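Before anything else, here is the set of structures, which you'll find just below.
There are two complexes below, and they share chain A, which is joined by chain B in the first and by chain C in the second.
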Partner chain A sequence: MLFLKTRKNSIEFLTPFFYIAPFLSLLIIFNIYVFFSGALSSFTDAEGINPGSFIGFENYQEALTNFDFWKSLSTTIIYTVLSIALQIPFAFVLAYILNMVPKIFKGYLRASFFVPVLINGVVIALMFRMLFNKDVGLINWFLGLLRLPNKIDWVNDSNYTIILMVFVSFWQWTGFHMVYLLASLQTIDNSLYEAAKVEGASQLRVLFQITMPMMKPALTFCFITSAIGCLKLFDLPFMLFPNAGYGPGYSARTTVAYIYEQAFSQQFRFGYASAVGWLLFFIILIVSIFQLKVLKAGESDEN
Partner chain B sequence: MRIKINSSKILNAIVLIFLLIISIFYVYPILWLFDASLRPLIDIFQVPPALFSGSFEKMFGIYTFNSFINSFLNWGTGIALINSVLVTCSSIILTVFVCSLCSYAFAFMNFPGKKIIFIFILSTMMLPLATMIAPYYRVLQKLGLTNKLIGLIIPYAAYPLGVFLLKQYFIKIPVSLIEAAKIDGAGYFRIWLRIIMPLSKPALAAFAIIQFKEVWNDFLIPMIVLRSGSLFTLPIKLQLMDSQTFNKPYDAIIATGFITAIIPIIFFLIFQRYFIEGLTGGIKG
Partner chain C sequence: MKKIVLLFIAFLIVYEVNAAGKKVLMWSFAANNIAEWQERKADIEKKFNIELVIEQVAEQAFVQKLQAVMMDGKGVPDIIEWKIEQNQILNADPKKCFVYPLDKYVSKSNVFKNVVAGRVSWVKYGKSIYGLPHDVHPVVLIYNDTLWKSVGVDLAKIETWDDFFTAAQKLSVEKKDGKPLHYALPWSATMNDTMFMIWQQTGAQILDKTGKPTLNTPQFKEFVTKWIEWYKTGTVCAWDWGNFAALLKNGTLAAYASPDWWVPQVNEAASSGQYQFKVKSLPYYKKGGPQTASWGGTFLAIPKTAKNPDQIYKIMEYMQYDSSAIKVRYQKTEMLPPFASVWDDPLFKKEDKRFGGQKLGELQTTLAKKMPDVITGDLFWDVIFRDFGPNLSEIVSGKMTIEQALKVSQAAAEKRYKDAAKK
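== the complex of A and B ==
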């Protein structure tokens, strides 16, 4: 097979590669090569498209001793942890109880939870900025109706930055996880439930010993996608807060926003931005591998 | 209903009411946006909101298209809409073409390194491009793709998830069909075009809709690629409108925002079944 004797044979041999070539070449140019060239330029003082010269680990050193970098990273991580901790359990509960309601309502409910997922992050951010307006926003008006404090300056007070981001992303993404978990819930074999019923297992026991273990793959998927999505967040805080977009006192500047700021607004420090990008990429990688390992380990324990 | 609950009926009713209340939380902001896009600027921000003011005249009497007219005439929303549609449609066509060819090879052909290449492609799903915007820009610059709409179309075409989803679907197509076509003298390309593609319409639709959502809603990459206002897509146009410090055109922002939001929603409602199938295809496969 490896010795190509005739022309026909060699065409036969090459055919699959013609089919994968367009995809593979685009993937290599716009993904692999980008990461590779980012690694190279992270060791240079490149500015804009000027390649710059080699400066060793200086960019990494600068990032790791820079207050703004750590601030942006802590904002990102706090946001990520809170988002995951609130969204996925709530999505699970929603999916679980949605599975019980009659079919005519199910379609409407599923669609209504899912619709925010489809909307552009910029539109969502601008919309919620208006809804959270101090004087004329709907939220403060509603809080007033409930006799709660209603003069809160949500978007200009740095105390509320993270709460606001977590709230909006909760609105935006719970439906995504819910649809996913619901689909996984529906693939669970009915005979498992029937067997449990025959043995007289309680509702709660069925939930913990059949439903949850069977949904491990879907839960893993939700944890990982939402961790990656949160860690590379940009559009929401960039547009949610008025003017300059990084929130009051830069309290909403995520790491990707920090990279954007270093590389594309005012300064064009491509080398430094690449170094910060690689640091963030490492963090994302470690987090995903960690989650994969933890959830996989849990799975094999129960089997 | 799958799980029998003992005190079922009351509990089910409570669950249903709870879910309906929660759904208001999800749907209301979108209705607000729709309502606000049809109001004159002075009525958008009223306390209490015009919709809850109690007087019928105030609630529904003053709807107007002024916001849309303002955004199209003075803010070039029309051009941005055309740009967004152009980028999204071309991107979908190119991506479906490139990914389906690739999946076809993985589903029906044998070649050395097949497994390793496939795993390699899947593992690139983990690469978060957002962290690499600086080198990404430089690559586009070298290829002459910056500040051009095509710079938003070509780079998106290699979408690993697409290859995965389509391959999962392709392998369910009976091999006997392909063998029969081969005996009839059809080449690989003909088989792809005449048999595989027509049979995979649901998977292609699902994938096209996912890609639609991704490209239509992208913000960071157009932000760095596009410079000239005439090329701006809808999200970038919104950012531009919002960056006005004086006399921010709230009515135009709301109208453009509504247009940006409603188009994927309409697509979703039409193709809902395909969409959810596509999104969840990964766990079933």
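== the complex of A and C ==
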């Protein structure tokens, strides 16, 4: 009897683990294992099919004194700052407007803004590369109709690289943030607005003192996911510009493109690439912690 | 009962071991070629008493996956089919190379001696040959004769690229919104396509025989200067893979340098009947020089982890160069095999309706015999795409002079060379 009870207890105890086992095993194989194997390899001179030998912090030292690494990082940071600065405020305004739109249009508009999120990044990059083609692209054709300069070599001129990257990711991701912010807007208790109305608060005051503070968790989520996505950017510059991930004058070489180059150019410097990957991980971690602190994530200003 | 079960298990083990010994795993990224291998699978299997398993591996993940399985030692292919251009996996130092050098096989082979030398140079790194080329991809000039003749130019008589671009200015006179209605050639600000093909005609090597970068030679500078001059004539058109055939069909593009696999791009335009297309050898870069080049291509190779390279080589050679099969390859894919001994076959001398009865195959085989020699090496692709490519765009946009760009590119390439030499 006692045996049966113990057995029943242990089955009950183990059941949740069975449920999460598929996820857990995938997590261990594709994340945790890779995570630690990458960490180990960052301390080696692994190249090509040779696992390499331990070289301490040499790879990290090399990366931190390497001009190309810093240049790729600065490109990534500029792109990240510009993207976030444009996408999230615009998504917020869009969500705010959409929240006031009659219900019959709301679903349609929300879906329209969200569609780009569902398109594969590579497809988007190829589509925009055709649109921005200097001689036969639609953008220059349209500029020509307006009697504006229509021979702009968008993808081959380093002046436009960051602008183009920011523009395309704005088109792709603003809808995603908008949907999330809209959902958050809709959860705000209407009685707060009614109380503000009774107190005679202006629209602007309502926006800054009720709506925005109540949306802090959602905004924090958008800021952090957006920052992480931007700092990991790879597919867009890789496909949008010539020279696979470099762009004109190396202006599109993001940090992940730099990692890719080190790992998969003819030298196959896996150890070094892993070290740069870890540096990027720490940068993302610091940025995320900073954002969480600044935005006091999870807390609304209700208190 | 127990005995029967044990016997059955023993049978299964023996069968599995036997099957594993016969199984030959091949990876390829090229869908076109896989169709050919699948069609010939039964024949290959029968001839070598093997089970040929062909897996398509995505081009973008190919090298990463190969590297991973080679380090792991499991699921490693016995044969790989990889691209000749930007191939990364070959190295002049056999120790660093992903695949076996094939020198001991090709030196004794009566079959391999028929493969044209100009094609072998693409899989020769340092002193070793690492792959069996699938194709030769001679480049010809396909042009819209109707459009060129409408501006009084008979391209058949044009001898050099300089003449070509002078004539092209007549073609691009007619404009809309300030842009030509017809362009002479497709163009991009990289050394990927048209520029890459014309560069091969110049003889200006990217690396010297010792593998050292040579972007600072007068010949290479002369070529880049000419290329930029040609670009500034405004007769070339930026293009994309997706819209190429449409640009030919609507007359926006009036000519293109085409390897054999790119010829079918003209099919729709030629069959529409609006324009008459013709074909000729590439104009000379300098009179007396090569009138062709190559673009694209694949090779078969044996990863170092393959267990029976001697047998694998025999299988590969049969797959690539069996004379009856490679004729079928040309019929089905228009890809010319790099195997000179079959080029006299009537198959390669047929009239081609797309080009008003001109004999495209005959032109291709004639040109393929005179492919320009290109010195490849460990840094070749990195120097082109990573050291020179991004600076070429800067020349085009006017941010760098040719001298500055070549100086910076050469410095980057030399650094790469020194770094590689240290290891």
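One rule holds in what follows: the second predicted complex is superposed on the first by the 271 of 303 C-alpha atoms of A that agree within 3 Å, B and C clash if a C-alpha of one lies under 4 Å from a C-alpha of the other, contacts with A are read in each partner's own complex, and residues count from 1 in each chain.
In this section, a residue touches a chain if its C-beta (ideal position, glycine included) is under 8 Å from a C-beta of that chain, and two chains touch if they have at least 3 such contacts.
All of these numbers come straight from a predicted model, not from anything done at the bench.
Student: Putting chain B and chain C on the same copy of chain A, do they fit or clash?
Tutor: Pair status: clash.
Student: Please indicate which partner A:Leu64 is in contact with in the superposed arrangement: first for chain B, second for chain C, both, or neither.
Tutor: neither
Student: Figure out whether A:Trp141 sits in contact with chain B (first) or chain C (second), or with both, or with neither.
Tutor: After superposing on A, A:Trp141 lies in contact with both chain B and chain C.
Student: Mind working out whether A:Gln267 is in touch with chain B, chain C, both or neither, as first, second, both or neither?
Tutor: Only chain C is touched by A:Gln267; chain B is not.
Student: Would you sort A:Asn133 into first (chain B), second (chain C), both or neither based on which partner it touches?
Tutor: A:Asn133 contacts both chain B and chain C.
Student: Quick one: chain B or chain C, who's touching more of chain A?
Tutor: B
Student: So, does A:Asp157 touch the first partner chain B, the second partner chain C, both, or neither?
Tutor: second
Student: Which partner does A:Ser288 reach: the first (chain B), the second (chain C), both, or neither?
Tutor: Once the two structures are laid over each other on A, A:Ser288 reaches chain B alone.
Student: Can A:Ile49 be said to touch chain B (first), chain C (second), both, or neither?
Tutor: A:Ile49 contacts both chain B and chain C.
Student: Is A:Gly247 touching anything from chain B or chain C once the two structures are fitted on A? First, second, both or neither.
Tutor: After superposing on A, A:Gly247 lies in contact with chain C but is clear of chain B.
Student: Of the two partner chains, chain B (first) and chain C (second), which one does A:Ser112 touch, if any: first, second, both, or neither?
Tutor: A:Ser112 contacts chain B only, not chain C.
Student: Given the superposition on chain A, at which of 57-65, 291-299 or 309-317 does chain C overlap chain B?
Tutor: The stretch that clashes with chain B is 57-65.
Student: Can you list the residues of chain A that meet both chain B and chain C?
Tutor: 49, 126, 130, 133, 135-136, 141, 243, 264
Student: Which bits of chain B are touching chain A when the two form their complex?
Tutor: Spelled out, the residues of chain B in touch with chain A are 1-5, 12, 15-16, 18-20, 22-23, 25-27, 29-30, 32-33, 36, 45-49, 97-99, 101-102, 104-106, 109-112, 114, 117, 121, 124, 126-139, 141, 143, 154-155, 157-158, 160, 163, 188, 213, 216-217, 219-220, 223-224, 234-235, 238-239, 242, 245, 250, 253-254, 257-258, 260-261, 264-265, 268-269, 272, 276, 279-280, 282-284.
Student: In the complex of these two chains, what residues of chain A are touching chain B?
Tutor: Residues in contact with chain B: 2, 13, 15-17, 19-20, 22-24, 26-27, 29-35, 37-38, 41, 49, 94, 97-102, 105, 108-109, 111-123, 126-128, 130-131, 133, 135-136, 138, 141, 171, 175, 179-180, 183-184, 187, 190, 193, 197, 203, 206, 217-218, 221, 228, 231-232, 234-235, 239, 243, 256, 259-260, 263-264, 270, 273-274, 277-278, 280-281, 284-285, 288.
Student: Going by the contact rule set out above, which residues of chain C touch chain A in the complex?
Tutor: Touch list, chain C to chain A: 63-64, 67, 70-71, 88, 91, 96, 98, 177-179, 183, 188-190, 192, 237-240, 242-243, 247, 252, 304, 378-379, 381-382, 385-386, 389-391, 393-394, 396-397, 399-400, 416, 419-420, 423.
Student: Along chain A, where are the residues that touch chain C in the complex?
Tutor: That would be residues 45, 47-51, 126, 129-130, 133-137, 141, 144-145, 150-151, 153, 156-159, 242-244, 246-251, 261, 264-268 of chain A.
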